[in-house]
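The structure appears right after this line, and notes come after that.
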Amino acid sequence: MTQRYVAVVGGGDCSPEETRAAEQVGALLARANAVVVCGGLSGVMEAASRGARGAGGIAVGILPGTDRATGNPHLSVAIATGLGELRNGLVVRASDAIIAVGGEFGTLSEIAFALKLGKRVVGLGTWELSRRNDAILRASSPEEAVRLAME
Amino acid sequence: MTQRYVAVVGGGDCSPEETRAAEQVGALLARANAVVVCGGLSGVMEAASRGARGAGGIAVGILPGTDRATGNPHLSVAIATGLGELRNGLVVRASDAIIAVGGEFGTLSEIAFALKLGKRVVGLGTWELSRRNDAILRASSPEEAVRLAME
Amino acid sequence: MTQRYVAVVGGGDCSPEETRAAEQVGALLARANAVVVCGGLSGVMEAASRGARGAGGIAVGILPGTDRATGNPHLSVAIATGLGELRNGLVVRASDAIIAVGGEFGTLSEIAFALKLGKRVVGLGTWELSRRNDAILRASSPEEAVRLAME
Amino acid sequence: MTQRYVAVVGGGDCSPEETRAAEQVGALLARANAVVVCGGLSGVMEAASRGARGAGGIAVGILPGTDRATGNPHLSVAIATGLGELRNGLVVRASDAIIAVGGEFGTLSEIAFALKLGKRVVGLGTWELSRRNDAILRASSPEEAVRLAME
């Protein structure tokens, strides 16, 4: 179990640029032998899963509902939790670091929770934090994001 | 069960000004017949609890650990969860609205989670949100914060 | 916070005898200055809450859903968790001991979880445990149940 | 995501017979293309994981703590939850059916929770249920247990 687990978090709806970035992040994490963890749904989550699987890696989705069929089709393993949005905390708990791509309030909750737990947070076009903006490691490319997350 | 439940969230360490504000927020909520919910520990949580109890109200603490004795002495009811920081999600779930007083990453997670769930978030000297800063209702006094939370 | 918290667990549907027993258990716990914790719904939970409130005590309901209005009308405090049946674990975590009155599978999960956590379990006409039946302290009356739970 | 997820639950300490049975259950589930879910630790959990991996399958461990290194070495994916024994509920939630091999109170909590959720429970030398003993499908061999769980 010496593999690194890295969550890729972001919106269930996202822009084409964010989709491309998330997919590349997923692929690069898989090539670096990391397990990709996500919330299991669409948008950034699905793109990261597709990237990971396309590169021969593992994508784990931690779902809010009780129905595994709501998971995106690229997941290696789908965990139905029935916890609703509280599953965001489990996505973070299960991971050594997180990479945030864009994102809305759910993503912000994951960023904040990860920082509270002392985990590494890498941002790619995501929230800025008014009171502690240095807390997020800023990346300008998927390559840089993955490099920072794997350090 | 027509009472309103309002969470008061903020740092376990806080400034004297934040302590005074949180205590007043707790007292005003109690006078407005709201149940005050918090994370049950020190700082803003304790001040809000003290304010609520001092005004004859109810203060509920939802604790991260399994030992009720870690709760502050002003709680009417202490719920030991053993969920660690994931209990932040329960503080929000249990409440109709939240008032954030100052705060660090834990508070930010509660703000984000509340917004994700569509709950009213009132801020008193707290985080600003880069991507959706209008999402937090800004108050400039405890009175205004409570008024906004009770609307 | 030196009060004892005791959960009263049992079916959401229950017999008239179980209703009477649960109500008396709630009343006796309140008179012994214990906080009564329950799952917040009907049947045994409602009877225990009514008993506790009628005796001037505190009844806390930890609800499975997100809507506080589903709680029974006798709760002093209702905590909406949105965790579904996983909230059974929180009912036990929040309590020092549990008293099981009758009950179905949900009650059995609470009994088992409490025993796993090393908490005292008192049974009043409830499940027997094939592999460790001495683990439940058997009571033959509400008075005996409360006495055993408060020891 | 049309794979079946089946939890194998049982003690962290178990007899040599239970170890053999759990390992065979894991192997047979993997050959039936099911994902094996477990609590991720030793005993029955480890044996089932070893069986699943040895047969080329997937073993998912949902851990109570926050440290993935506590997982047994045969897990394909280890999910650190930090929920303590409350993670038992997630093991069940994530699965379509459960197979209980021997087991103590934790196992009983999983059996009860699964029955509460209406999931299929197969027992191999495990608890009997005083009030509804027909609720557990009894198997007399790993083969029968897996057949019943996959129906």
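Note that the chains are named A, B, C and D in the order they appear, and that numbering of residues resets to 1 at the start of each chain.
Everything below uses one rule, namely that a residue touches a chain if its C-beta (ideal position, glycine included) is under 8 Å from a C-beta of that chain, and two chains touch if they have at least 3 such contacts.
Just so it is clear, the structure is predicted and the values come from calculations on it, not from any experiment.
**Student:** Could you compare the number of C-beta pairs in contact for C-D with that for A-D and name the larger?
**Tutor:** C-D is joined by more C-beta pairs in contact.
**Student:** Superimpose the Cα atoms of chain A on the matching ones in chain C and note the rotation angle, 0 to 180, in steps of 5 degrees.
**Tutor:** My answer is 180 degrees for the C-alpha fit.
**Student:** As a quick test, compute the distance in whole Å between the mean CA positions of chain A and chain C.
**Tutor:** Roughly 40 Å, centre to centre.
**Student:** So what's the Cα centroid distance for chain A and chain D, whole Å?
**Tutor:** 28
**Student:** Which chain C residues reach two or more other chains?
**Tutor:** In chain C, 66, 82, 86, 90, 93 touch at least two other chains.
**Student:** Could you pull out which chain A residues touch chain B in their complex?
**Tutor:** For this pair, the touching residues of chain A are 85-86, 88-90, 93, 104-106, 108-109, 111-113, 115-117, 127-132, 135.
**Student:** If you look only at chain D, which of its residues touch chain A in the complex?
**Tutor:** 1, 5, 35, 58, 60, 62, 66, 68-69, 71, 73, 75-82, 90, 93-94
**Student:** Would you tell me which residues of chain C are touching chain A in their complex?
**Tutor:** Going through chain C, the ones touching chain A are 66, 82-84, 86.
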